[in-house]
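Presented sequentially are two complexes of chain A, the first with chain B as partner and the second with chain C.
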Partner chain A sequence: MGLDEATRIAHEFKLRRLKRERNGRLLKHAFLIGVSFIMLYPLFWLLSASLKPENEIFGNVDLWPSVFMVENYTKGWHALPESFTVFYVNSAIVTVLSVIGNLLSCSFAAYAFARLRFTGRNFFFALMMMTLMIPYHVVLIPQYVQFLQLGWVDTYLPLVVPRFLASDTFFIFLMVQFFRQLPRELDEAAMIDGCSPFKIYWAIVLPLSLPAMGTAAIFSFIWVWEDFLAPLIYLNDIKSYTVPLALRLFLDQDGQSAYGQMFAMSVLSLVPVVIFFVLFQKLIVRGIATSGMK
Partner chain B sequence: MKRFIARNAPGYIFLLPWLVGFFLLALGPILASLYLSFTRYDMVSAPRWIGFGNYEYMFTRDRRFWKALEVTFHYVVLAVPARLAMALAVAMLLDKGLRSIGLYRAIFYLPSLLGASIAIAILWRQLFDAHGVVNQALAYIGIRGPEWLTNPETSIYALVALAMWQFGSPMLIFLAGLRGIPRDLYEAAEIDGTPRWRQFTRITLPLLAPVIFFNLVLQTIEAFKTFSSAFIISNGTGAPADSMLFYTVYLFNEAFKFFRMGYASALAWVLLIIIAIFTATAFLTSKYWVHYENERD
Partner chain C sequence: MAGLTLRNVGKSYGALQIMQGLNLDIHDGEFLVLVGPSGCGKSTLLRMIAGLEDITDGTVAIGDKVVNDLPASKRELSMVFQSYALYPHMTVAKNLAFGLQNFRMPKAEVERRVAEAARILQIEPLMARKPRQLSGGQKQRVAIGRAIVREPKLFLFDEPLSNLDAELRVQMRAELASLYARLGTTMIYVTHDQVEAMTMASRIVVLRAGKIEQVGTPQELYTRPQNLFVAGFIGSPKINMLAAEVRAEGGRPVARVAGFADFALPDLSTRDTRLTLCVRPGALHVGEGEVISEGTIRLVEYLGNETLLHVALASGQVVLLSVVGPAPYRAGQTIPIGFDLADLHYFDAEGRRLEPALPAQPQAAFA
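Coming up: the complex of A and B.
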């Protein structure tokens, strides 16, 4: 077999591989588009149901409404004893305060664990990691008794105060991972220049950790916004309800036929999350890949 | 002594909020809940010590406790492998040189981000309604779907479907893991004429084992804690016929509907122990089936 023959065979081999790869790619795209459609269909269905007249919602796979019932939104907003303006304000208060609390307290703890030397550090770090595993249900009942005795039930304090005490341990872990990667020389140089640990935290570590802080902020926003169990337990007065609790009221109304309005308000409750997702997709994806959150 | 304080003070000052939280919101409540689990406590009168009474009742006479365990385990066994398989399959498809990967990744992740919300649980109730979209789609291919949510045999599958729909975050973690596998291993295998499925079992699976392990532990713990969706879809009761009586739903009702705080605390401790045993077993056995790259030599 001559050299020419060998190159010819090699060439043909390559051509065949390229062709196979192209076909494979097309097949792959077709499959992925199919999966994408299935993944998005429930969301499209929700959106379409929120705009349909009551009699078209069920028994009809067609996504396009015959008439666009914008009333579902305007009526749904006022369908419950309090208007959704109240629920959104409540949710916003709880969420904003919780995010601030999470960022402050978790970055404090993470800075101590990742950048400061002190006796007992490893011990406390191990404890912190263990609390990551503990289901919320185990601390729920004593916490409830505690907050009830403090007179905090039916206020936002049980939802907000724990966040200022770094109760969402997960974010400590996330920030520790990030803080550890920053070069040590920065701290040492600053120390020699006479910077206090607080100054180093505020002027060096935090500004360099904006991606991690951003990821933590986004996730705590989304989780607090969607949180159901804690508000369900601590908020009894409808005036103090957050959006998820309000949505549940639609289900409790007996003999109602306000599906369109319920779906309309459901769509609106998802809007902030979707906006955050569209704006900060990169941070979210990177955050999960590096820390492995749920 | 002075130097000791000076050296340690900054660390503890920064740790202070967490330390306070740890004692008041984690350690304290955990011990309190252990104590309460040995009492009868209705929040009106003081807790009354009954020794192992709650546990004895739970294990020997409480049929709903066993039902809740059964439902939860059944769900974990179905939902976790389904979600992980889905996540790995899609991650592998996305991994190899596709250009629009960012868009697909976003589409596949979005449901996971929305999935915890009440709006989605409400939506799911309607999708799996007897006349809902799922049954309409089945009717198209000539299958008469069951009344998913009112039939105790099928209700759990609605929740498994919801879990599968949210495969986004294990997918992202798998993607990161797949990036770490050296390409030349596949090229060498290709040259040797190794078939694809063999490349999968001989290269991808072993090298991805730590990531699979990580996802498995994380997702299993998550699945044990499933609450909101089961609560909303079953009207807060675990109906029909307790077929959606997830452990956490049972615990919630015992505590906040019937105010059996002592008994609910015992339930919470059993859940803690189950999760602890699972996690410990997973980590202790992991060295037999997970090989970490850097441990080889």
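Coming up: the complex of A and C.
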């Protein structure tokens, strides 16, 4: 067997290997695309339903609408006694205030747990962690009674004020874990540089915790924006309804089925979440890139 | 500038006492190095001086002001950390200015000091960068810069060079020494590296397990270690320790060291019969000395300016012997080795230094 022959065979083996690898990759991708489609199907369905004529929504399995009913969107916006502009503004007020409240108060509490020494710190931390395990529905009624006595029902206060009091344990926990990773020598250097504990929190810990803040902001935004139960309980006047409450009104209208419009408004209600996620997800990435200490 | 006085300083974490009854006077303008093995409490002591750890016992005074209850920022000192602890989200310029701004110093003064520090440390081209864009040596300079701009009474260094590679460490060591010469401020420097201690210190404090073993100039520590620990800790390559049994013969003490012929000792005024005799590797000679023995070379380490011979004595103990320049020996060879009595350090059964009566003064060899 000559050298040329050997080279040719080696080349052939190489080609076969490459082909095998390519087929393997194709198979893998096909599988992953299939699974993704299954997972995204409800979203596709929602999107398609929002563009379909009323009779096609439940009658036609085809995802592609026969006609594109863009007026589902335009009519849906004004279909309720108040326009969706009002609901969006309401949702925005509640959500923005809640996100700010969560970030400020939870990071404050987390800083204390992670960095300050005080009597009973471990006990209170354990206590706080236990509240994480209490289901919301257990405190629902006592909380309602309390807010009723305060005269806060039918205002945004029950939705917003607790967020300024570090009531979202999960975020405190998330931030404590993050703060603990920051080198203590930074705090010490800052102490020698004349920083008070608050200044250390504000000038050192917070700017270095953008990834944790970004994560908390995203979750906080999504949870509050999508929250249905709390607004349902505390808001009575349609003028103060948030978007999820408003969406439910489409079903309340007896006889008048407006599924297309409801789905159209549902699609729109997802837009702020997506925008917020995209914006703050960048923050997370940038935060990770800047946190190299050594 | 100010000196520092520690009186009966102690530190305990709950029931665990890690430091007790420490007394130390640090003179104004001194470069004091705290050295010791890891866990000896040297960093803790430094952090107590800095105000980062509580002082559980005794008093610490800067100048004549007791600072026990003064927060770190009011002690007029600055500290360079092992990890540099530069603020990662601030530029170099901001890192330098941050502390001064916290003390509400006028803007012009801040700028003057920052520019001055940048010039001294030659970091002017780096001012706009973030710490992650700096090399180890540059970070080190910035960390030192952050300490200088404060114009403190006292500089504290916590193992500042241990994150640098060997070459840079030697360079930064020299730079720190020249910075000290230029500023003349009191400096307290913690390290576990005895070479750093020896080369930079005006005085060295050797610590072990929260206690001061010896305080002295590098030369004092090297030529007259007060105990076995200091003898073993200071000096590289490490000092040789030979166990000796002493008996009186005709009114004079005679030592028996395994592997050597018996030899007469100077008067040490001790009743201990088990002593430790120490001899530096440089004081062991091939083929000469008042006390002679034989050994087999186990290993030859050529270091350029000197050659280290690891020699196994008849007893099995391996001693280190250093020869200037290259040496024509190889492993396996048997050579005669010896030392002079004047080069010996004597330690009693508890490891305390014994001073021989004249004429056999050991430090005579170094005078």
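The working rule: the second predicted complex is superposed on the first by the 249 of 294 C-alpha atoms of A that agree within 3 Å, B and C clash if a C-alpha of one lies under 4 Å from a C-alpha of the other, contacts with A are read in each partner's own complex, and residues count from 1 in each chain.
One rule holds for everything that comes next: a contact is a pair of C-beta atoms (placed from the backbone, for glycine too) under 8 Å apart; a residue touches a chain by one contact, two chains touch by 3 or more.
Here the structure is a predicted model, which means the values were calculated and not measured.
Peer 1: Determine, under the contact definition given at the top, whether A:Gly151 touches first (chain B), second (chain C), both, or neither.
Peer 2: neither
Peer 1: In the three-chain superposition, say which chain, chain B or chain C, touches more residues of chain A.
Peer 2: Greater contact footprint in residues on chain A: B.
Peer 1: Just chain B (first), just chain C (second), both, or neither: which does A:Leu270 touch?
Peer 2: Once the two structures are laid over each other on A, A:Leu270 reaches chain B alone.
Peer 1: May I ask you to decide whether A:Pro183 touches chain B, chain C, both, or neither, giving the answer as first, second, both or neither?
Peer 2: Only chain C is touched by A:Pro183; chain B is not.
Peer 1: Of the partners chain B and chain C, which touch A:Leu208 in the superposed model: first, second, both, neither?
Peer 2: The answer is second: A:Leu208 touches chain C but not chain B.
Peer 1: List the residues of chain A that touch chain B in one complex and chain C in the other.
Peer 2: Looking at chain A, the two contact sets intersect at 290, 292-294.
Peer 1: Within the complex, which stretch of chain A touches chain B?
Peer 2: Within the complex, chain A touches chain B at residues 25, 28-29, 31-32, 35-36, 39-43, 45-46, 49, 57-59, 61, 104-106, 108-109, 111-113, 116-119, 121, 124, 127-128, 131, 133-146, 148, 162, 164-167, 172, 196-198, 201, 222-223, 225-226, 228-229, 233, 244, 247-248, 250-251, 259, 262-263, 266-267, 269-270, 273-274, 277, 281, 284-285, 288-290, 292-294.
Peer 1: Could you list, by residue number, the parts of chain A that touch chain C in their complex?
Peer 2: Within the complex, chain A touches chain C at residues 183, 185-186, 188-195, 199, 203-204, 207-208, 290-294.
Peer 1: Taking the touch rule as given, give the residues of chain C at its contact with chain A in the complex, in rising order.
Peer 2: Contact set of chain C toward chain A: 47, 50-52, 71-73, 77-79, 81-89, 98-99, 102-103, 130, 132, 146, 163.
Peer 1: Would you mind writing out the residues of chain B in touch with chain A in their complex?
Peer 2: Spelled out, the residues of chain B in touch with chain A are 4, 7-8, 10-12, 14-22, 24-26, 28-30, 32-33, 36, 43, 90, 93-94, 97-98, 100, 104-111, 113-114, 116-120, 122-127, 129, 131-133, 136-137, 165, 169, 172-173, 175-176, 214-215, 218, 221-222, 224-225, 227-228, 231-232, 235, 248, 251-252, 255-256, 261, 264-265, 268-269, 271-272, 275-276, 279.
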